[in-house]
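Next come two complexes built around chain A: one with chain B, the other with chain C.
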Partner chain A sequence: MNWDRRAFVKFAVGAVVGLHASPLVPKLMDDSAIWTQNWNWVPNPEDGALAFANTVNPATGTGVKVCVIAGRLKGERLIRVEGNPEHPTSKGGVVPADASALQNLYYDDFRVKTPLILDQRTGMHVEASWEQALDLVAGKLAELHKAGQAHTVAALGTEAKTLDGELLSRFMAAYGSPNTSFNVSAADTLAMAGWAMTGDENLGFDLLGANYVISFGTPLLEGFGSPVAVRKAFAAWRKDFKRTGTLVQVEPRASVTASQADQWLACKPGTEGAVALGLCQVLIQEGLYDRSIAGAALGFEDGDKGMGFKTLLAKNYSPGQVAQISGVPVETLITVAKAFAKEPKAVAVCGPGNGGEPGRLLDFMAVLALNALKGNLGKPGGLVARQPLGLKPLGEATAYRGDKPRLDGLGTAKRPLGASDHLSLAKGALAGAPYKVNLALVAGGNPAYASPQAGVVRDFLKSVPFVVAITPYLDESSSMAQVVLPCGTFLESWGDSLTPYGGAVSEYGLHKPLIKAYDMVKSQGDVILALAAKLGGAVAQALPFAGAEAALKARTAGLGELAKLAKKSYVVQEKPAYGNLSFKTPSGKLEFFSMNLHNLAVKLTGEGGMGKVLKAMGVTAEGSAALMPHYEPPAALARAGHGRLVLAAVSSLRTPRGDQPITPYMIKVLDGDTLANNDQLVVEMNPQTAHDLHLYEGDLVKVTSTAGSTEARVHLFAGAAPGMVFMPVGLGHYASQNAYTYRRGGNYNQVAEATADPLSGLPTWGLTPVAVSKA
Partner chain B sequence: MTTHEQGQAKRSGADWLLFVVGFVLFSALGFWGTPALLYAEKPQPFQFSHKVHMEQVSEGCKSCHSFREDGSFTGIPSTDKCKECHSDSPQGNTPQEKTFVEEYLNKGKPVDWQVYSKQPACVFFSHAAHAENAGLECKKCHGDHGDSEKLRTYQQNRLTGYSRDIWGWSILGMGDPPKRMKMDNCADCHRANGVRDACFVCHK
Partner chain C sequence: MSLANRYSAGEHRFGMVIDIDKCTGCGGCTVACMSENNVGVLYDETDKIRSITWMRVYQVDNGKPFPETQVAFFPRPCLHCEGSHGHHTPCVSVCPATATDYDPQTGIVSQIPTRCIGCRYCVGACPYHARYFNWFDTPWPAGLERPLNPAVAPRMRGVVEKCTFCYHRYQRAKNKAFLGGGKVEEMDYQTACTEACPSGAITFGDLKNPNHKVAQLAQSPECFRLLERLGTNNKVYYRTTREWVRRLADNYLKDEKPGQVAAS
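Up next is the complex of A and B:
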């Protein structure tokens, strides 16, 4: 055997074949394939220890305010949002907006990641540094201040009483402008009703303690206060398939709440308050009312102020009369009132409307009166007064000291009560009387989309020469801004939230940065404080905080150490403050005839001119009835009929109300009865109403009001009241940066028309006369 | 007979021996060299006896590797879970426990265990579906790990970063769980039990 070329070739071939017969090649091929899955640009979450951090989702206006979540940290990326089982009211539950909150957090195209400045030549936003953006905004503000035009700066915030709201209010007052507006909500109306009748602005419904609940037109299971907490209470009434609690829903549509209720009183639109008064009258005529407090209340019997509440009810709200007004049969009214009186723990509930509107003050007063007659004030399962949270003010009270009138007319004879709102501000500014707005600061929200009669606010923002938006998202409002300043979502910033609407216990939620999703994103409070520091002078003095964290520390000084509070993320009172309510009214008693309202009217015009003032406030009732709970037919109904239908909203936990953008997940879980063909809005109509208009299932129609119009597909639904058209809220975004929401359906806020609520002066947009025609 | 023909006849048998030598030598090299080349030994932070712990608990594996209320699996227990039994001073006298208490428990630091059965991130695996609904024993996939007195050597694939347990200790990739935990093993078991084996069942 020679070691020659041939021998070597044979050996080499043997070696190669031998190597291939070994596992080396197939193993390497398999491993190489897996190796490619781990290239650093492949989007796998980083490895790391698991941790859970508490926070509270403040989601203003979406009705998921106090859902407590635990964000699971994996490396530097949040990967899931879960409920926090230790939170006393939400107890581990979440709603779709909480569960899918990360989708908007990590939606790169939709997020504002750096400060942006509008390039006037191209009309496009270009990236800028914080220094450049803050200098530009502070420069404009200083310029206007110097020119004596500080009052022509307007700020549009989200919630007045949160840290961000307080910082914004102080900033504007110290800067020298009276024009700060916020979102209005049912909390404003309930505070006014409480102030008018009990002197207490912090009333809540003890749903968890109740076993008989009458809800007057509120979306109790579709976004009321903290939706999770309400659903937990509802679940307790249905525990183990046994009905331990009774729910009665008064509403013109077979909504989710109505269909889950034990009894549905299908009333005519806008007559829920009349039904409450009808029930009050049954309690009195049957002698089933509480005599110790309600019977001894100011204005119950006839007296020096005129007719008493008892006589008013007997005269105008007998079951027969109420049946006439509301369409609810007399026998039903009597049965429900008797059952309500019989149950030891029963409560009547008023709240936000389906479109997120703040509700009608007179209806709220009627519901408070019903609770008072039931005798459940301060009782378990009744109407309770919350104890204050003990938050400290951010400094000495700072109010606008100038002499310029507010653009929203608040505080004038026409609007003595009420809270500031974007729509009134926008209307005032567009009218230009007495002045126009030169700079608008949109802080946190999306009023161009979410405000009632959104078209008016959008036109207002278009008319303002310089708009600054502090926002996490490239939405409808920020796309109109000259300068966009990026702020974090609740998962990446400092901030807080207060007791959700109607809560029986006081709650405080605190959120902190859990991660830094984008390097240049700041807390909203930090942005306001940075602007204040740049401006210097009185503004900097009014806001002497290094940042939002320091401001929160000062604000929560009474609640213990900030680090501990931030870790726990909430303060919730253990149980409602039961015990008799201490009435802080002028009479020291419960007042059916509101002395607070009376004194306010007298202060404005004197005793003689009171009627005139009340007329200007939209109250048509005369004499003492004007300042007592009574029924005023909604203004919108007067213009309905004659071929016009009444538009009302459909709320759902899958479609947020207010500023919070709908998430891709929420869009995905919408069915064909809300969004047809994935992008067309669906409106519900009673089959008879559709028949009268020659419309069929699936027809494309145009729904038009004086405020605006939208196209939609018709869905016939026997549970919709005749003469009405019901439209989902939370859809119809038109900011193109969000591909998931862009042009999906139409915007209810664009079509709904806002009218001033009698007495409260708040805009209300629950009912709108509309024309429906084939598109 | 030409010279060429003479050469052919003379060398044919012995030359093929060289082919066999090459084949045997290099296939042996492949068998021996592949694992030596691919796998690196990584130490565990400290030794741990499952056996000792199993003797102390009442609910077997589930005592520490538990399910949350929502059905999700907790996996490796957190140090908080350990704290349910361990206090801030060691209960026994092993140096391992001392390390654990001082370096991890008291500092609230999670233990960075090397996990033998860790699957790639693209695999969705529900313990609840297998252990609770299908009633599979932990042993079926994890073997007698729960009875072991010490942690065996952990080998990490240098290329993929995953444990050798996934491919299996047989370099030929032979065997079924607990000896091997590759996708084909999952699919075989699904097929044998009439469970869907479509891609999206595990790759979401």
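Up next is the complex of A and C:
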């Protein structure tokens, strides 16, 4: 055959037709698509039998099921955290911190896998055995004890009443140091308010039973109590497309709660307490209040202690006056108060602030007063007293028996009430008065990053010659430690959690080791107990447990067998303890004028000096009003104005508050109005306020307070109150081991300034005067 | 048009009703979805053009000045469009590699990464931005590959991915039903986001089965779909009582009232 033009065309056409008819082309394309994707660096997760184990996430209070997969070659691993539908309060459902918990568990670079000891020559941590590390720490502690310096050891824990907290407190008391501090929380403030007015420290809000809820400045849907459980109540108010419950939110920003609420009362910052008092006054002037309990309460009418609560309200908190203070219109106050009085199951709620701060005691007292006037104490859908679960103590009460004063001044005239907190401890230690700290034991948390005014706590830890950190993570605090002892996350260790803030029923959550992700990691309790055993003597006697499991067994002896309990992972009371509250106050009645507070002040100074004590505690009101719910303008506001704005926090469930590190998934789901391009922090401002400062959307600004400063991009948000700047919390980690969270935005706690709350003395950091300037 | 008649013949039409008045924007659904479907995290996730979120929660606001401002959230999975005139799902009709397909039995728009040739026509065709292209390989550094779910294959760079209504869960439920001799019940097949939502804002099920809750809820006049007038005839219904939220779901003219304008 001649290879001419015709033959060539025939061949070409034939080839094209042939190729189209054959499966060769699709086959090759398919193969090449598969082949180009067959790269060995794309992981191939091993399959295996699935099983579920129950546990409770102590950080969120969510009851969860963890999916365990048993791989044939690589063994067991956890692959998912899901909600546990059987858990009585969280009933299934998770928040981002639950669903992404495995990312913190399995991130090798971020985890402490073995004990680490700082090499003084290189400044690097080197791996050590448990024996070496414990010997070093116990040796140091014994040395200080021998030198009579036991009181110069400070411990910074996370939660006082959990197993880990109790073990730490006992350890420190038996060792001989008064300086143990824990994170402050709104539960402390609520306990104080309850103690002052009802004598009961375990009050809760029956959200699930209520159908009218007024929330005063607390992020009910963004971080109040157990977020999943709160959402169950919220979902019940919106069941099947019907609105059966009304939510009213009082706060200065169009937050998620404010937007989801049926009514938003936009008040000026820090005036939520005044709004509560204004509502109280409307209830009284309209005759809509409960006369049997509130009307008969101590200090309601004028009496021998001076002006009564009723007169105080009429004098200072008429709707007109409150409208002046808070900016909420008179008519709105009256309609809301009337609706609140009319609903049979209505409750007023107070709680943590947006930055996680513990709230203001006087505001909490005002909210309790409002509930009392409503007459919902002990009623379904009202304010209830939780019944204790019956946890056994870990042994005889051990308290510090020495004569050295606490560094945070707790229990002195300046701070007679109050719970401990890291910031006051750090301030006291930095001042060196009356002594400095020689050894700091950071147990479980990350105070150098997460405590209020974190810069102060970081400086304090820097100033301490020997820092020991017991932690699962290589975070800001452990990077400053001489010795780092690895403890497990809640998925790999024994521990427990108590009723989330404001819960109407008592809860107990127990977590157990579900997996051994790293061989040398122990439960935090085990580490404290091992240290106690090494020290011997009184410390070992106060903590006679073989391990955290044994300690839990002793603690939960009244709740049944530990193995069964651990399998179920929770004990939750069926329903709130309804029935009238039995007031454990000195008068045996509800008290608007708090005798407990009065007696405490008298004890400190005698009747004559009471005014002075109260002044020292930051209360400016005179006479009987000082010990009654009243409104004190926040100290921060007095210094705002003159070109200064008021900084407040934005809380969200996509960013954690407190010690729990943010996870990669949580960083990922942040929108551009929280974390802008190139990982820059975003602050919200009202367009008018920004205009006045000549700032535009996306401008880079520097937000500066007396505590510190950070850079951020401006986002104009009409829902932000004028004159304020709103900053997200939980960002701005600077420990470089976690590549996903390192330098993502700035840290709110670095900028926010903590001031002592009047009366409670707790640090509060919700409002800070700041200067905002173009960077 | 009644709900069942909106869709073509086929045994099931799985869909969702999302109650915007219940959604609190917590992100639980998004994170649960990522952990279920092995969606990874890049080191810079603030570049949202390259960030992959099968279930993305969009925040919107009513644009009113203080103190009348309100925000709301639209959780947006793949909406699994069917098209209103026969089979015409926007992404399926443009895929040259049959990497995405409309399942006539379930109404689920599938996505098969290993078939995908990375042309991204579907990304452009999707009116909801529900499709994502893997510009990079996902890093799974330092042990982070351990929690990967074996039921879903991790993807590589160069392919498109999107929400599949957790199809692997349907397969698992079908296997279980087959072995047990029963049928796939409503609660046997639920997506990860539905299970995760702590407020119960998402309801998932078969829109063609009148016994399923989703079919009952979707009939409500308060329910609507995103960009309904495009004729995508999708299967994710949203619900709100707030008119401003509803107006944002489509391009309404000033004098048009949502709910009174017929979908094409």
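General remarks:
The working rule: the second predicted complex is superposed on the first by the 710 of 775 C-alpha atoms of A that agree within 3 Å, B and C clash if a C-alpha of one lies under 4 Å from a C-alpha of the other, contacts with A are read in each partner's own complex, and residues count from 1 in each chain.
Here, a contact is a pair of C-beta atoms (placed from the backbone, for glycine too) under 8 Å apart; a residue touches a chain by one contact, two chains touch by 3 or more.
These numbers were taken from a predicted model, which means no experiment stands behind them.
Counting the residues of chain A that each partner touches, chain B and chain C differ, and the larger count belongs to C. Once chain A of one complex is fitted onto chain A of the other, the partner contacts of A:Ser463 are absent, as it touches neither chain B nor chain C. When the shared chain is aligned, chain B and chain C each come close enough to touch A:Ile34. Of the two partner chains placed by the overlay, only chain B lies in contact with A:Ala21; chain C stays clear of it. Of the two partner chains, chain B is the only one touched by A:Phe11; chain C is not. Of the two partner chains placed by the overlay, neither chain B nor chain C lies in contact with A:Thr311.
When the two complexes are overlaid on their common chain A, residue A:Val81 makes contact with chain C while staying clear of chain B.
After overlaying the two complexes on the shared chain, residue contacts for A:Gln285 are found with neither chain B nor chain C. Shared contact residues of chain A with chain B and chain C: 30, 34, 37, 44-45, 82, 92.
Contact residues on chain C toward chain A in their complex (touch as defined above): 19, 21-22, 24-28, 30-32, 34-36, 38, 41, 43-48, 51, 53, 57, 59, 61, 63-67, 69-72, 97, 113-117, 137, 140-150, 153-156, 158-159, 195-201, 217, 220, 222, 239, 241. Contact residues on chain A toward chain C in their complex (touch as defined above): 29-30, 33-34, 36-37, 39, 41-48, 69, 77-83, 90, 92-96, 98-100, 102-103, 105-110, 221-222, 227-228, 231-232, 234-235, 238, 240-241, 243, 254, 256-260, 264, 266, 652-654, 664-673, 675-680, 686, 717-722, 739-740. Within the complex, the chain B residues that touch chain A are 11, 14-31, 33-34, 38, 69-70, 78, 110, 112, 120-122, 157, 159-162, 167, 171-173.
Contact residues on chain A toward chain B in their complex (touch as defined above): 1-2, 6-7, 10-19, 21-28, 30-32, 34-35, 37-38, 44-45, 49-50, 82, 85, 92.
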